[in-house]
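Next come two complexes, and both contain subunit A; in the first it sits with subunit B, in the second with subunit C.
And now, the complex of A and B:
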């Protein structure tokens, strides 16, 4: 069959086209479902390197580690049948954009008319290979990781060391405390969650951890992991000269984008992801938008009009779903019917009995104001400002108000907000510095990364623009 | 809208049986200042927005004097301090969290689902009581007694005291109607109400104390003995909260069950479907909530700042009337809003409110109504409405039929 183009022939394409989705997880599945729901009847191939059917990751660091949900009970609910050819357990190893073919690890090639890239991210490993191979050293990104870690936690380790207090590290520490296990958390920054939420909220997170019995050590780096003669980890050494005995170490140093397989493909893919336009179409290395390759989910970098059209990389469940739906819609629609992906960044986390939610892009902020509740009560709404506008908001156990602040962000409402609220306290009279670390220093914390205005991303270190 | 006061039209009993054309007219101006003072909000997205706006207070003490007088706001009652329904954070959150601990997730996720058998038992008993009768008033003989009995069991009121509870519940529910009659009659009504409140408060205070000393497996015992991380309610707060659960869950559930039977009896096809497919009960009840909500509007909120909404600036200190029942019929939110479609997708109606005051008892109300309607349709043979429309109570806020006279041919087992 000759390749089928969409523009001009949307009906033929919907009937006979070939769509390949690489990455069979949240974004991949939701895109496939949307394609079928919107009338795509051609062939659909799902390529995923994990052997499992699509499953959900947020429970892995929460209910699964607590033992409330078995790791294999996390399959994503299906919205509808997708009638796809599944190639699970098979990685894509290359892309020939000219020939329109995806190469697979088993030597096969799969041709496409339109391609969706949804390969997400993976955990950054402990940088010293010999140390990371020690028995008892874990990362947490996949169901298999969670199953192994859960098994080890159930065996009753004497102490768990979590390296890195971003969201995942903090949730793991919380689950360990929930199981009564002694936990040490080592964080290079001044407090947990500083990269994502800033130093002021980070302090609250630190109080929470300590109140729940976590041995929290901030401003230190782990300099080495030491094993015993049997190759099992037993001790960690810190930059301040101290050491901690631990028989489980969980490395939570953030994520890298799964883009290596695109090397040489000509796409604008790099360690920060694949740049795409608001319509989810991938850019090539020259900064020219492609018309048959689309991107969605954690692997994407896309420009956002509410945030100065900077490219945002989001590791947000809700973004993966929304972007997948938009990408799928656009893949089978003629240009005039396409939609932009204008998702308001939003994120949630559950740790130490508190529900944390956030909307907008906190790391872009210079100031913060508590408009409701109180930091000391660990129950509050904090609004972030950037150049006199509301840019983000975070709640601790006050998530029901977020909708309002989302609208404030959309309307670029003035910051600091002057209005009284149902629970504005004296501490909420004056804005304070939000306390984000110097953005040029790499952190493993933020789940939203601003990555400038350029679609090409081949630099390893990047300083986001801040006014 | 021709009248300067749509609000008076809403309150006019002439519109009680079918207020929906009035709402449709109102939606032409989503936010409008009524001649009598309050701002009426009639469209879905605007109501939704205001329910999530932290510049809008539910605290009765923030009501402006005219609004308070209009709503017949009682002076503060030392026996029953304000409940969390009428409080803002942080008090609202503290009390609601404490009340939730023995009622729902995360601490007591099974309380409601574990009551299923007991609810079914109460329903069976009430329907068994219809035996040998061909004329029934479904309100007095079913929809009224059912929720009170349920709330008594939930709180842990001893069976022998349940009849007293029924009397208080009826009196207090009647008190939600605006008072009318001669000045003497009005004062007498108010006096009856005050006495009922005082008696109920005294009774509950005694029961709380009893449960504190010898706890059982019920909500009052849990409230009285539970040591949460945020402490405990004061005894007075426990009494208030228990009274709130009784009042908030009573008339509302009565109306939902009654409206449900009215809708079913008006449409034999629908009745047959529910009888044949009991799994339809859950979506049926959702559509019922949207279509004919027991709480038609929320008249108690006050703005703490100027709020721009739908092209209007509602000034600080204004009283808001949020017309939930109208928002549920907003065509910008629900396609074909005036049709009853039990399988309507994405049925996020406003009937339980939204935001921090979202109905606390919604899971219980849903379960009660699902069981009630399924059992009534299954067991009543040849049911017909004896009067259509049925007589409605005066109350425009908690709107529902005062009686629902039906004729039946018999009773299945």
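And now, the complex of A and C:
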């Protein structure tokens, strides 16, 4: 006789339950695999708006744009068979939390006992619709986007304009230079990557771009895109009065969370994502946690004890995997067996031949110290401090040191670090201001967003300023 | 065949780039770029690379190699 708990009857649920996963990308797939691996034998339905089976996105802005890997060659390996009903190419359009049904774009409804929301984010489009419709204007998020952009880059454009120098924009610029294409990058902030890594590291990123022949223009906004009589983009105008001729424009203004389909569902979902507890259970608009709706991946915001219990939204590959596994485990476990999602934020980027990696939450920092290597050599380890403790670390081509600093963050070790390090240079003797921009003026590139302490707070939103 | 590398875990030891050079390559000092879907006849080399990875960052479809499947997080769930 299995124990009966207030959670219901886990064994019966594991045998006969119905789980629906909305979002068929990295988080959705890893969750499905974990459900099966942990003994869920009921009905599993995977809903995805794209027609493709789950694929990996990081290569799209790197290997794929460089022409090394075809766009349709990034399908994710399966760790096990998941025996799911697939509803691909069909977006979820609504949620009836009382009836426990997901509505689909084709009019179908799919009932669930437990639901996992992993709908992720999408590229924020160019805000002027007529201009964004011009031939030659692209965004990059999906495989289809990558295929179209790759095709156009292969045709040998005269100049590519990248709008927004966050990670995606910088990687695209890097790929273009790798292909020998002339590139202009326009960034509203004072430097590339400034929202994610701060102004000090941003300056290094700027040097890298310029050293690789990028025409980098910071502190400017693109005020308009101009097309020719055939509807093809040909020129962009900047807020400083200058203009550049470009026949390919890639809009890299960050991402929007895919939560619109949850309007009216009663869940605490908004532009910053869907609030959930450390166990990945969604909050409703009253700030009360649900027990049948779970969230994972880029669309989630969850509180983290290492970072003041603020809700964090993480657009990180590793977070999608780890949160999906935790959510899946918790979906089929009784309360006492559940686990918290306490993942250390970590990400990487490859651009201009440099491997950039980071752990922790750099945008929380007020100061940084270059503990190893040198900014001018573009090879270093920088440690970020917040109110006297280590809060994050970033490396350029020194990834092997990050694990050490991860432990420092976990232990809330004092900042500046009290230990000696190898290859400490004169510039690493004293902490300096990290140079993050005013958080009320978000740039395009923060991959970690701190979004306050209240699960029901939906007031915070980021709307790109209209030019 | 399909593979994925957990690049959070990767530390640029480049064992894979020596063992399967047409699948894994470093761009610069430590940025790994790889072919996520190499031809099936590369499987022996890819499996050698996956086994040799000092941080076990390579997941190959249908093979129980690598620890990339554990997501790097704490917890009891481990997928075989």
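Basically, the second predicted complex is superposed on the first by the 451 of 467 C-alpha atoms of A that agree within 3 Å, B and C clash if a C-alpha of one lies under 4 Å from a C-alpha of the other, contacts with A are read in each partner's own complex, and residues count from 1 in each chain.
Operating definition for what follows: a contact is a pair of C-beta atoms (placed from the backbone, for glycine too) under 8 Å apart; a residue touches a chain by one contact, two chains touch by 3 or more.
All values derive from a computational prediction rather than experimental measurement.
Enquirer: Is A:63 contacted by the first partner subunit B, the second partner subunit C, both or neither?
Expert: second
Enquirer: Applying the document's definition of touch, where does A:182 land relative to subunit B and subunit C: first, second, both, or neither?
Expert: neither
Enquirer: Identify which of subunit B and subunit C touches the larger number of residues of subunit A.
Expert: C
Enquirer: Does the superposition put A:400 against subunit B (first), subunit C (second), both, or neither?
Expert: After superposing on A, A:400 lies in contact with both subunit B and subunit C.
Enquirer: Touching A:379, do we find subunit B (first), subunit C (second), both, or neither?
Expert: both
Enquirer: With the two complexes superposed on chain A, say which partner A:354 touches: subunit B (first), subunit C (second), both, or neither.
Expert: Second partner only.
Enquirer: For A:420, decide between first (touching subunit B), second (touching subunit C), both and neither.
Expert: It touches subunit B, and subunit C stays clear.
Enquirer: For A:371, is the partner it touches subunit B (first), subunit C (second), both, or none of the two (neither)?
Expert: In the superposition, A:371 touches subunit B alone.
Enquirer: Once the complexes are superposed, what residues of subunit A are shared between the subunit B interface and the subunit C interface?
Expert: 353, 379, 397, 400
Enquirer: Within their complex, state which residues of subunit A touch subunit C.
Expert: 30, 33-34, 37-38, 56, 58-59, 62-63, 66, 68-69, 73-80, 317-318, 321-322, 324-326, 329, 339, 341-343, 346-348, 350, 352-355, 357, 379, 397, 399-400
Enquirer: Quick check: in the complex, which residue numbers of subunit C touch subunit A?
Expert: Spelled out, the residues of subunit C in touch with subunit A are 2-4, 6-8, 10-12, 27-37, 59-62, 69-77, 79-80.
Enquirer: State the interface residues of subunit B toward subunit A in the complex, per the touch definition above.
Expert: On the subunit B side, the touching residues are 49, 52-59, 88-90, 93, 229, 304-305, 355-356, 358.
Enquirer: Inside the complex, what are the residues of subunit A that reach subunit B?
Expert: Contact set of subunit A toward subunit B: 353, 371-373, 377, 379, 381, 397-398, 400-401, 403-404, 407, 419-423.
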